[in-house]
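Here subunit A shows up in two complexes: once beside subunit B, once beside subunit C.
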Partner chain A sequence: MKKCLPAAALLLLILGGALVLRLAPYDYAFQDRDATMAPSTARHWTGTDELGRDRAVRVAAALLIGLTGATVAAAITTTIAACFGLLAAFSPASIAAILMFVSDIFLSLPWLFLLMMARSLLPLTASPLETAVATFLVLAALGWPACARAIYRGASVLRSAEWLIYGRACGLKPRQLVRLHILPHLRPLILPQFLICVPAFVVAEANLGALGLGVGEPMPSWGAMLLELDNSALLAQSHWVYLPIALLVAVLLILESFAREGETNA
Partner chain B sequence: MSLPTTILARAGRTLLLTLCAAVGTILLVRFAPGFFSDSLEMDAKYAQAARSEIQAENNQQQSVIPIAIREARSWLKGDFGESREYHVPVAELIGPRVRVSALLLGQGISCGWLLAVCAALTISGLRRGGLVCGLPFTVLLAIPTAAMATACILAEAGGPVLVLSLLIAAREFKFLRNLLEGAWRSPHLLQGRAQGLSPRALVRMHILPNIAPQLCALATLSIVTALGALVPIEVIFTVPGVGQLAWSAVMNRDLPVLVAISLLMASVVAFAGMLSTRTLTLEVE
Partner chain C sequence: MRSLMHPSFVLASLLALLPVTAACQAAPRQPRELAWAIHYDPKTFDPAKVDDEASELVRYLTGGVLLRLNRQTQQPEPQLAESFHVSPQGTAIVFKLRDGLRFSDGTALTSADVAWSLRRVLAPSTQSVVAEEFISPNEVTIDTPDKLTVRVHLAKPVVGVGKIFDEIAIEPANRPSEGRVTSGPFTVAEYKRGQYVRLSRNPNYWDHDAAGATLPYAAGVRLDIQNNREEEISLFLRGEYDVIDRLSPEYFGILAQKSPQSVHDLGASLNTEQLWFNQSSGAPLPDFEKAWFQNRGFRVAVSEAIHRADLARIAYQGHATPAFGFVSPANKVWHNDDLKYPREGVADANRMLAASGFHPSGNRLYDSAGHPVKFSIVTNSGNAARQKMASMIQQDLAAIGMQVTIVALDFPALIERLLHKQDYEACLLGYMNAEPDPSSMMNLLLSSAPNNGWNPSQKTPATAWEAEIDKNMRLQAGSGSQQARKLAVDRVQQIVADQQPLIYLVYPNVLEAVSPQLHGVQPSILSPGPVWKIASLRRQGGAR
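Moving on, here comes the complex of A and B:
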């Protein structure tokens, strides 16, 4: 029961977000010019931002965009890491050393600096949707080295397992060995890597957004919402400005509890 | 392998890693789809013909090999080129900022470690309530650095050092606590407790000497964590350090500055990695 609580809370948040987006009469980009920086009113329950956009709708959209993007990016990065780690573990030592050196090159630059550099080099004229896709793709493309190292270490142990030698002796093809035996054995290692990546990517997106390198306006994102906190006039109007950051911390706590549980089970 | 050979091999690997990171930066910047984008192209006051001229001028100077040769030549002379944005030698631009960032890193890492060690020592020795006591660190871990920095500015309390310390403390607390909990449960400590040794004596005489190599490895890795957090912290608090310069270079596609900062960061990270591996290897030996 205790273990189901975070999952239930996350499901509730996602359903709540979807419901807000479904029932609200405006979309996230709609500007109510008569109600800019409005406090909580009957029309806008959680107030509006400096452009008159409904905060509840934008927070709900940011929640769903952030979670979907981070989950897809984590799935891509874990797949790349699994392929890379397995390739290194089952290759001759010299090739494994080269592959791990490549992963070390990526790890030799601080994660946020690397992300920032890669994300900023995209064209200046990209549409908001393109910037959102680019941001999460950059996260997926640069997040794999640490996971690949962990999977490589786990897979290296399996290389000399008796059941693997037996499988080879029985004439199983490498692809069959990977699909039927190696991947199921590595699942307890791969799943935690995926669960660790999701909150890490949400945080990275928020940090990138706060530096002006995240998802482009008017598409809502956690990073763009954090930028709202710089507006002191808005802060004086309503305490609802703090809603995005409070929700972000709650989501991250839930995601991190999943990651911790995954690590414990592994 | 003898110790000098191992050290030489590690140093060679570190150097190679650093160079690869710099070359990787050049390639990344050069082949990124937005490399030819220039803020001048977006400026409405320029006519189409002028924009095409700007683009053509940029294209002429932007082949990979000339860039790499130019950069390598200037590195050998100890010169990192001239900033495209500020029109100042990169070395002059980075020098004073390195001092500011190093001071911030030093203060942040020391305070963070002090906080993490004190909390982990106290909490790992508790028989009950460890989870509740560790809750603040769990919450801190869930707050993005940029949000923490903005919160400090809004509350008009603390500054870059506090944010960096909290971040380091939150990250290291988890590892330290696991390390110390394992140490407290070891049989020789139980024996020590049974003989009536005080907790302070146990920590000083048994725990700290045993976990010292892992602590050193963790401490060097803190540098990597802190370097990553440096950019949002310096940008939000407007600290004139390397992180802020990196952000400005990234925003303005200032290649010479970006390559120099990549080289600097990669050498620090690779050196920290080498130290942490070496410390652990010595312990195993």
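Moving on, here comes the complex of A and C:
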């Protein structure tokens, strides 16, 4: 029962977010210019931001965009890491050393500047959706090396496993070996990597957004909404300003509990 | 990367976004001392080499000048000079100094000191920014027929030459002292880098009040170097600071709640916020986009679709004035009161677009060749009001079918795109106009100017209306007749309103806070704001 709580909470948040988006009469970009920084009203349950945009709708959209983007990015980065780690683990030692050297180089790169560079390469006319996709793709492209190293270590141990030698002796092809035996054996290692990446990417996107490098306006993102906290004048006007950070912390705690559970099970 | 993206790290960094509410403290105030904050260390105390705002303020407070620009009437008034006379040709100015002038160290101030100070400013080796205002500084000559007379000869007339002398501090000849020996109301007494600049009263200052009491009233001024606006406001509310100049609308609102009698909205400033399209034919943009931006109807439609009153009300919380031209209504001498500008309204904008070859399809707009009208607006990051305006313009233009993306760039990257690569479609930016005289707009409006917003550094004007702007701007710069100058500037304002090369949005208001205990303040929208009559300022009750 206790283990189900985080999943139920996350499901509730996702359903709640989807429901808000479905029922609200406005989209996330609509500016109700006669109701800027409005308190809770029947029209705007959690008030509005400085441009009169419904806070509940924007927070719900940011939640769904952030979670979807982070989950997809985590899946991509884990896939890249798994491929890279397996390739290194089942290659001759010299090639494995080269591959891990490449991975180490990636690890030592100044990722923030790389992200900034990658974002600045986007054309100025890139739509908000394109900037969102690009942001999460860049995160996925830069997030794999640490996972790859962990998977490489795990897979290296399997290389001399008896069942693997037996499988080879039975004439299984490498692709069959990976699909039928190696991946199932590595699942307790890969799954936690994926679960760790999801909150990490949610947070990374929030950080990028706070630097003005994330998802483009008017599409909502955690980072852009958290910037409101830097304005004490706004904090004095409405307590709903704290809604995004409260929700983000809740989401991170839930995702963290998944990751912890994944690691424990591994 | 993992460690930097780890939730615990980021939670810490998110918390860092929360306002710091640590207790703040200012240096102890000395008796009868005025105090306020400046945001950066002055780069220099040498009045001839000033080129930043903080140094300019120190020069204003310490430097004695021949003439001072009255910040309310915008006319130069005698200071160290008892009188001055400009020749009818505008090429000679004769200053008559007051008798008995002395520097703060007690030595006499004569025409020799004035001539030395002027020559020092004009010398190329000084690299003074002020010298450029003489247009040909190396051709300016100075002679001193007697101890109280100074004659300045110019090679050619300079418009508004009187105000230039407001920026030249008179120092003791051959004894530059970096503000330690001055002829102004204060002298530099102490400077602690990153902490404060302390000025002390000049006991030999020339001016007196109506009752004959020597000025300045204050015993000194302490300028705290303080870049934290919240801390500055907190210290102001505790009575540690006497003034805050140029408040943002957000902080104005906070102060208005806590100390309503302290805050003042002086109305429109001289500064403008505007949007413009890249009309440069050499810009790396598709030809059809250049054709849009060079199309007057397109620009006028955009201007008509923007709800300026909303921008002023929401982005500036009501502390801005809708703008339709480059001369603010606060600039009463030069503003064209009969200016005719495009009417605001979506219906008018749609009509203008239809007449210019654009057509809607669904909720999108297309040009005659079928290209969807979409472009980006670049602006600088870190300016909340500007980014709010950009978001609002994005929605306003969506109403006429234009798809706009907003890109906030850091300032160096933005300038690189605007001035060097010209790789942008539209830009939203503001101009700070320190000078009320329209001559200061030459470098923005002339077609040949490198800072011309819409199409810089043109060899010859690309259009007839740009040629007419050039002609009128040159006419006003060279004419000795105020009436002819006004007519020329009025015409330029009308051309800009008709053609909309710069789509003016708002004039941000001048917002300031003045302690109710401070007396003698005369409000002004010009720098240095509430302290421009520094010699006459005093705190109620003297020592606190």
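As a convention for this text, the second predicted complex is superposed on the first by the 254 of 266 C-alpha atoms of A that agree within 3 Å, B and C clash if a C-alpha of one lies under 4 Å from a C-alpha of the other, contacts with A are read in each partner's own complex, and residues count from 1 in each chain.
In this section, a residue touches a chain if its C-beta (ideal position, glycine included) is under 8 Å from a C-beta of that chain, and two chains touch if they have at least 3 such contacts.
All values derive from a computational prediction rather than experimental measurement.
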Which of subunit B and subunit C A:L248 touches, first, second, both or neither: both
Touched partner set for A:L121, first subunit B, second subunit C, both or neither: first
First, second, both or neither for A:A233, with subunit B first and subunit C second: second
Touching partner for A:P39 - first (subunit B), second (subunit C), both, neither: neither
First, second, both or neither for A:I105, with subunit B first and subunit C second: first
Touching partner for A:F113 - first (subunit B), second (subunit C), both, neither: first
Partner chain in contact with A:P6 - subunit B first, subunit C second, else both or neither: neither
Partner chain(s) touched by A:F201 [first = subunit B, second = subunit C, both, neither]: second
Which superposed partner A:G167 touches (first subunit B, second subunit C, both, neither): neither
Contact residues common to both interfaces of subunit A (with subunit B and with subunit C): 107, 109, 111-112, 120, 124-125, 199, 203, 206-207, 210, 212, 226, 229-230, 235, 245, 248-249, 252, 256
Subunit B - residues contacting subunit A, complex: 17-18, 20-21, 24-25, 28-29, 32-35, 37, 39, 41-42, 138-139, 141-147, 150-151, 154, 224, 227-232, 235-236, 246-247, 250-251, 253, 258, 261-262, 265-266, 269-270, 273
In the complex, subunit A residues that touch subunit C: 29-31, 33, 36, 50-52, 107, 109, 111-112, 120, 124-128, 142-143, 145-146, 196, 199-201, 203-204, 206-207, 210, 212, 216-218, 226-227, 229-236, 245, 248-249, 252, 255-256
Contact set on subunit C toward subunit A in their complex: 1-2, 4-7, 9-11, 13-14, 17-19, 230, 250-251, 253-254, 257, 307, 310, 313-314, 374-376, 378, 381, 384, 387-388, 390-392, 394-395, 403, 405-408, 413, 424-425
Subunit A - residues contacting subunit B, complex: 101, 104-105, 107-113, 116-118, 120-125, 199, 203, 206-207, 210-213, 222-223, 226, 229-230, 235, 245, 248-249, 252-253, 256
